[in-house]
Amino acid sequence: MTDFQAVLNSIYQDAIQATDKGVVASYIPELAHVNKENFAIQLRTATGECYGVGDYNKLFSIQSISKVLALSKAMSLIGEDIWKRVDVEPSGHPFNQLALLEIENGIPRNPFINSGAIVIADILVSHLKNPKEDFLNYVRELAGDASINYNIDVALSEQSTGFKNFAAANLLKSFKNLNNPVDVVLDFYFYQCSIEMTCSQLSNTFYLFANNGKCLQNKLHITDRQVKRVNALMLTCGFYDEAGEFAFEVGLPGKSGVGGGIVALLPDHFVITTWSPGLNKKGNSKLGMQALEQFTTKTKQSIF
Amino acid sequence: MTDFQAVLNSIYQDAIQATDKGVVASYIPELAHVNKENFAIQLRTATGECYGVGDYNKLFSIQSISKVLALSKAMSLIGEDIWKRVDVEPSGHPFNQLALLEIENGIPRNPFINSGAIVIADILVSHLKNPKEDFLNYVRELAGDASINYNIDVALSEQSTGFKNFAAANLLKSFKNLNNPVDVVLDFYFYQCSIEMTCSQLSNTFYLFANNGKCLQNKLHITDRQVKRVNALMLTCGFYDEAGEFAFEVGLPGKSGVGGGIVALLPDHFVITTWSPGLNKKGNSKLGMQALEQFTTKTKQSIF
Amino acid sequence: MTDFQAVLNSIYQDAIQATDKGVVASYIPELAHVNKENFAIQLRTATGECYGVGDYNKLFSIQSISKVLALSKAMSLIGEDIWKRVDVEPSGHPFNQLALLEIENGIPRNPFINSGAIVIADILVSHLKNPKEDFLNYVRELAGDASINYNIDVALSEQSTGFKNFAAANLLKSFKNLNNPVDVVLDFYFYQCSIEMTCSQLSNTFYLFANNGKCLQNKLHITDRQVKRVNALMLTCGFYDEAGEFAFEVGLPGKSGVGGGIVALLPDHFVITTWSPGLNKKGNSKLGMQALEQFTTKTKQSIF
Amino acid sequence: MTDFQAVLNSIYQDAIQATDKGVVASYIPELAHVNKENFAIQLRTATGECYGVGDYNKLFSIQSISKVLALSKAMSLIGEDIWKRVDVEPSGHPFNQLALLEIENGIPRNPFINSGAIVIADILVSHLKNPKEDFLNYVRELAGDASINYNIDVALSEQSTGFKNFAAANLLKSFKNLNNPVDVVLDFYFYQCSIEMTCSQLSNTFYLFANNGKCLQNKLHITDRQVKRVNALMLTCGFYDEAGEFAFEVGLPGKSGVGGGIVALLPDHFVITTWSPGLNKKGNSKLGMQALEQFTTKTKQSIF
């Protein structure tokens, strides 16, 4: 049997000695301050064991990772109706997302590019009574942890600088693919992205996607088939313009965020979360990508 | 010598009998109510004669025609510095302006596409003490007519539905090509577009472009060279995706608006304004285009 | 244990009763004649059992499926150097592949879109002594079947009508991403696509991708890591603009061709091939997609 | 009255002293050898006077300037039917012409971008008995000069390196907007572009566009209205991505070629040709553009 802790330790040793640790995201002022020496991995297996190394109990901004949670909540609310408003295909080149949105008449390519995530946010705003509160409670329930919270400074920081998101939301609105006012939807969206978690909390929260839709508390949140959809989307669209590379190098469904977090999973086997704030050129955590690649290579645990 | 009145009369007879009068713009609710039976032509020659036919003393929304006036005001304020932020080339296909803006890093193709006009509005907001008031006074001075005004209902109507403009402005902001807040710039921009004039007033207002920069009151507003720039831009970019066709069919610098107005001019000779609210597929006044084509054909007065 | 034959039989019964069997590809005249009532599935397990239903011993044109074989041959010839000339990311929207190629300076998004496959063909032309003969022998060796052959009529039919491929190849050449003359590369490429196989032969040929690089005769052709790369590429890019949907509905690496064939596989478990000539709107076999979806649903054999 | 010779002399003095003379086109090997010290201007007035300075009797490759002549010949052959296959609007950004062609379903934006000129070449190939011979005779007749000829080395040089043109032609063919084989059309097209003329010969040849369709020998080749179309197209589309700038700086209909030639004209007044092989970043003759700008500024002869 694999000695997971030994594997994590060995990856950790490599990581802390890396000379190139990537570049911390600076487009959101609040994120620019994070120390790029932080590094953590946390693993939770389907049989309940947990392994960790580094700063796995330190909070970081989950950012785009929240899109997966918003999607699963939307699935539980309106099911297949989501796909009338968002597609499920990889987006190709991300540098001109608005171009793509224009050409495709306001239907985002998938729920993990920003325009798609904004449509999902619109769905949550429409169907949740108290959107921010209800969504946070949903995440807390998945994680089994009431201490999880928004970082309001990060949310406001993004609100005052996220012009591309305002552009995308207004374009969606012009195509009538947003039912609520732009400001209301983006206010929710920026809060959603500002959630902070530790690696341990993230592994716990994503456990349902490795467990056929049941969270740690054994409550069924989404169906088997919906889990398959989420995992297929993470595999094909979870890493911006590096999805193909991740599918190959790591071979697991996963999702990254500009805060430097990555969560990945092997259905029925495990959830693994890494955190390293420095990003590579494509916007994914540089050392996180490498750590996951080493993990699946060393443990031979991947979908291929 | 040409009997201008007879020419206008004959064009008028053709126009009112046309069976296909185009489609009134409906994207701004306030504009959708205009009766498409309205039709007018007004001509002012360099020697001071005026000729008119139809409803040439009836007010209509000048919309995009205002972009030419905003440009000339910006020219008088900051001169050549404008061209660091806006290009002077035709835009090609307008159906994906945001795509173009993305590819060209936030530099709009010219000051008459919406994104370019929004940058000009930003310049005016920065350099005018009381932007709305000062700009209106500028237009009134050009026209020699203090009765000209904004239509606040039209401005608010566009403010609450102009999502594509909000998308463009936010995209410009993300490229740091907007110095003022998006809302402030667009508020000014929607007011600017909401100005109402009659054909007579428009011919008067545009007189400076046929008169080497001097308005009707003989005051010099912009230089000879700036007038040449404005006229070259009107010729190559004044008619959305129909600039080439207009250059050929009419052969005059001109500018159209979705309110159904068109103003065109032959330097040193005349200014002519038409109004017919029904638009063709490219968004220009259907009968207005035809009227101007007939006018230059019958009078042999064009730049070619 | 699953009764695979019973599963195939049940899928077959559904398929032959389907009222909408899609549309046979007509852009290659030679392919337009194929009877769309043909339907077949063939399954080969890692333990050596074979199951089949319908016309699984009837030849059809494998078309784009050949791109996977060309890629694996190129991998065995020049290894990682391939990726200097072709990327590994999904292509997003396929309707304007040339646009994408222009924007990305002649580097095709992946080896399974036509432009990418043409670069791979160029590599084979450069590194094989007798390209057509050697490639055919490679395919025959993988299949363990010397009867496999090109269909020269199909190759010539495509040669005289494949203008988009000539456009793509010339564009690649203009970016210096083609070392051999356009005509020579495309001649090889059209031959490559014209190979005919039965479902059984295709399952045999693709066996190496489910068997860590070893073909049926137990010869190692490509490394473990190269197999992982091929499978990741099939999963993310194997189905034109329907890769995301296939990843979800079927959950297996696979590749389709406009001849109506699809081959898919679960590493270490099985290879499955379907054939039904009618295509859906995205260019993939309509009933083939449905058959594979039913298969993985009924057998619960997928990567998720 | 303007002393034209003095104006030309003064422009010449400035030009030969310029330190930055642009960069000679190198993509066609045969053109790369031309000495960039060459400089010439030649002016022919409607009243028959001719003025020249510099190397105005030296031959150079007219390249894209030939597109105007091909268009006028096509107009005389099939008239308005041309516009079913080519549009008349500026092309916007030229760096991705194939993208534009794909999006607009194989209808080139105008007859002066390469794809449009290839469609015109296709028309000539279809309607001329001996295309190369007949077209050359047409040009000779316009010029009143039987010595004008193709430069076969230049034509062959372009044939062996013009991959983007082959890409465009094949794309046109895939959209069924080419009736003859790609190779046949491009063979003609490369010959057409390889014509060599002196500045004097070019002014003579273009005389019909300043003379309502009648050439120097007073023969009517195209109608008044067709001349207006050609001139409008030159004004809006004659200078690649610098059409707007030329319309402003020079204010004349004109056409440039990568051989460094520019011909421009004021209807009923004059034709002027410049030659200076060094190009600016947009692909137009650097000193030629400046010379024409000075000419219209000094003589106040422009359309505005």
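In this document, chain identifiers A, B, C and D correspond to the written order of the chains, with residue numbering beginning at 1 in each.
Note that a contact is a pair of C-beta atoms (placed from the backbone, for glycine too) under 8 Å apart; a residue touches a chain by one contact, two chains touch by 3 or more.
Just so it is clear, the model here is predicted, and its values are computed rather than measured.
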Neighbour overlap between chain C and chain D returns none
Centroid comparison with chain B (C-alpha atoms), farthest chain = C
Can you check how far apart chain B and chain D are, centre to centre, with Cα atoms defining each centre and the answer in Å?
-> 32
Note: chain C sits from chain B at a C-alpha centroid distance in Å of 55
For chain A paired with chain B, centre-to-centre distance based on mean C-alpha positions, whole Å = 47
Spell out, as numbers or ranges, the residues of chain A touching 2 or more other chains.
-> 103
Along chain B, where are the residues that touch chain A in the complex?
-> 95-96, 98-99, 102-103, 163-164, 166-171, 173-174, 182
Within their complex, state which residues of chain C touch chain A.
-> 87-93, 100, 103-104, 109-110, 227-229, 231-233, 235-237, 241-245, 247-248, 251, 253, 267, 302-304
